[in-house]
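Residue numbering begins at 1 within each chain, and the chains themselves are lettered A, B, C, D and E in the order written.
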Amino acid sequence: MPSLLHSLASPARFQRISAHVFPWAAVLATGLIGCGLVWALVFVPPDYQQGDTVRVMYVHVPAAWMSMFCYAVMAVLSVSFLIWKHALADLAARASAPIGAAFTTVALITGSLWGKPTWGTYWEWDARLTSVLVLFFLYLGHMALSNAFDDRERGGRAAAILAVVGAINLPIIKFSVEWWNTLHQPASVLRMDGPTIHSSMLWPLLVMAAGFTAFYVVLLLIRIRSELMARRIEVLQRHRAAEGA
Amino acid sequence: MAAFLDMGGYAATVWPSYGVTAVILIGLLVFSLRQLAKRREQLDALEAERERSRNP
Amino acid sequence: MDPDSRNPALIAQSLSCERGGRHLFAGLDFALAPGDALVLRGPNASGKSSLLRVLAGLLEPTEGQVLWHGKDTREDPADWRRSLAFLGHGTALKPQFSVGDNLGFWSRFEQASRTPAEALEAVGLSHLADLPASMLSAGQQRRLALARLAARPGGCWLMDEPTVTLDAASVEQLSAMIAQHRAEGGIAILATHEDLAVENAAVLTLGVRS
Amino acid sequence: MTRKQRRTMFLTTGFACFAVATVLVLFALEDKVTFFYSPSDLVAEPVAPDLRIRLGGLVVDGSVMKLSDGITTTFVLTDGAAEVPVSYTGVLPDLFREGQGIIANGSFPDAAGPFVADEVLAKHDENYMPTEVADALKEAGHWQEEPEP
Amino acid sequence: MSAFTALVRRDVALATRRGGEAALTLGFFVITIALFPFGVGPDPELLGRIAAGIIWVTALLAAIVSLDRLFRQDLEDGSLDLLALSPMPLELVVLAKCLAHWLVTGLPVTLLAPVMGMMLQLDPEAYAPLIIGLALGTPALSLVGAIGASLVLGARRGGALIGLLVLPLYIPVLIFGISAVEAALAGLPVLPHILIEGAVLVVSLPLAAFAGAGALRLAMD
């Protein structure tokens, strides 16, 4: 693992791999999300209870999954940055945070819109909703902390510690609906006894989720490249400042 | 078509959800691309400057 | 003394340090026996402070290791930390406390072998023990910080610019303190610009790039 | 103590703390941290008048009645063992129907009267399926009402 | 005397000197609570219902105001280097400083809570769960706060940043502290909430020790 990460950690290597992966990810993201949209909006039958509101699920659930997935990725990257000091892990974690924050925002807003007609309220302070809100704040804290230092590396390491500490929130989000008697329904897809969604509704959901994942990869590659440039810019600016002195 | 847009009476729930998702995700994509372009420009300028100062 | 016949207590092996993408020093080797002193010289930002912090264990060296009585000070730091007295840029004093309380805390915390009164005596501050530390001049505060080292004889003193803000008389007092420390079998490593009289000290000059 | 030993000690203490915390949480959940009261809870131990509580249960089939003012609804909530009459004035969520699990926020104005709710939330289950599938399941007799926790 | 107790005693002495944190924090706690009857009106029934919430949220804010100085002074005057070089692990140094912070903020807040409860017409049933909850919760506030305080060392606008980092992590402490009181008022068992509050405290111990020590090493680097 460390050696693989090390070999990936060189910027030149990353650029090469990213150049190969990027077009595929972009095609996959467009294709899957396109298919998923048509499927979810046109072909999926209305739910026996919720009718057409169930279509919100096709953006809400993948976004909610991605919000947690993105944080898990950040936590793993942060651990590897703290232990093995891969510079690229820092850049990737930094690049992930705004994406995760965006997915969390989507999950919160669409969930709220969905909650009004079904539950009868936009917001309820139950364990699931509250823990996802905490996740959103953690993303904001991570972004603020990683940019709060004059030295980028310092900020990256402080933010990495925060990301690892905040990872304790992930199991709380996942199991909040099982442990507490919440308004939010229990898990439908990722559960021990198999999904409780009918296959005609499950497949488009999985297609959408795959599309969101590909979209995440696209965004991540763009943002890592951007972070690499920002770092290089800082190095060159320091050189110039040193020469000017 | 009208029935499709009506979403079984839930147009006010379904369409804003998809709209918000699109705005946020595409917004982040556009923002990231523009940031990348801006940084590339800045970096090119700095690299060019460095070249010039190396071989005057 | 013949260096081979002595038993070195502190050994630095091929120490390298990189800060903010800049190489400060690389491949430093030295060995110090009880009673030895090492003076670090070099221009500003040449890595004197960083070397002291690496030796103390506050900074991770990029390469190399520091041995104290044969034990790696990073792997097994307990003995090293018990014998180490560090004086950094800060004086580690709390202005709210009296001179005596300031020294008293560090003596208890670092389990010093000399009493605070003896240590204050060594730096000539006994008469001020009950004054608030905020009333001391910069030079007196520095001497109070040195008293913390005086309370812990026999080990290894790491001193970063100990003479800053000291007047001539105090500098002389410091060099006597160091001499006595060495006579008792202590090691002193200090970074300094000025010519503090340290007899028979090895000199390591940093920042000279080949 | 070497670095390795220290690390092992730290990891052990850390894990021990997490284990203790897990045990505490499991003990706590044994007693069930209730988000809402069930009708049986209220029968077992009536709450004080005017104390705001959450009441959860299934809407009893055939109990829903619209009053003549057009916006007040009365219905009966059950958890299978006990029943509580509820009255609510306001717009009901779309998922509100007979047999549905709901949560009502409100209080008992007097000990004898019905539970007066000022907010009714529908708690839907984790099952999603098209209407035809649901009908087919009901027809085949595989349908199971979700037992209310 | 061991290094641990020496450090705790020094920090407590520093905070309780004239002009130290302890008095300021307590003053902040009492005055903020005294503002509420003016803010929401002196209706005893309304105050009684939100009293526990007011006391908890104010205790949380009181913990935050004093956090910024938890490590900053030691970093600036060079004490932190010496604390890190003691044979005692840095993790224990963090815990000692948290204990001192709790002794001068959390403990007095817990002891003052019944008085504040009387001021706010708190229901008699609520005193026990409120105080037990605070006794378990305020140490967790100091511990989790130490993570934030150590992470922002050296940051621009560090003081403002602490709130953003620490407040979300305080939510569980607050939720279970309050739910214990609510349960007591509703006549439900209080113990589960107290147990979970205890679990939060137990988890925050290693979390604060490791994350705090890591962040301090980073700050001294």
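Observations, loosely collected:
By definition in this document, a residue touches a chain if its C-beta (ideal position, glycine included) is under 8 Å from a C-beta of that chain, and two chains touch if they have at least 3 such contacts.
Predicted, not measured: the structure shown is a model, and the values here were computed from it.
Other chains, considered apart from chain A, cluster as B | C, D, E (clusters defined by touching). Across the two candidate interfaces, A-E and C-D, the one carrying more C-beta contacts is A-E. Most remote from chain E, judged by the distance between CA-atom centroids, is B. Ranking all chains by how far their C-alpha centres lie from the centre of chain D, first place goes to C. Taking the mean of the C-alpha atoms as each chain's centre, chain B and chain D sit 42 Å apart.
We define each chain's centre as the mean of its Cα atoms; on that basis chain C and chain E are separated by 37 Å. Chain D has its Cα centroid 31 Å from the Cα centroid of chain A.
In chain E, 203, 221 are the positions where the chain touches two or more neighbouring chains simultaneously.
With touch defined as above, residues shared between interfaces to two or more other chains in chain C number as follows: 77-78. Residue positions of chain B in touch with at least two other chains are not found.
On the side of chain C, the complex with chain D involves touching residues 74-78. Every residue of chain B that touches chain A in the complex is listed here, in rising order: 4, 7-10, 13-14, 16-18, 20-21, 24-25, 27-29, 32-33, 35-36, 39-40, 42-43, 46-47, 49-50, 53. Taken together, the chain D residues at the contact with chain C in this complex read 1-4.
If you check the complex, the residues on chain C that touch chain E are 53, 56-59, 77-78, 81-82, 84, 86, 88-94, 96-97, 101, 105-106, 108-111. Of all residues in chain E, only 147, 151-152, 154-158, 161, 164-165, 167-169, 171-172, 175, 203, 207, 211, 214-215, 218, 221 touch chain A in the complex they form.
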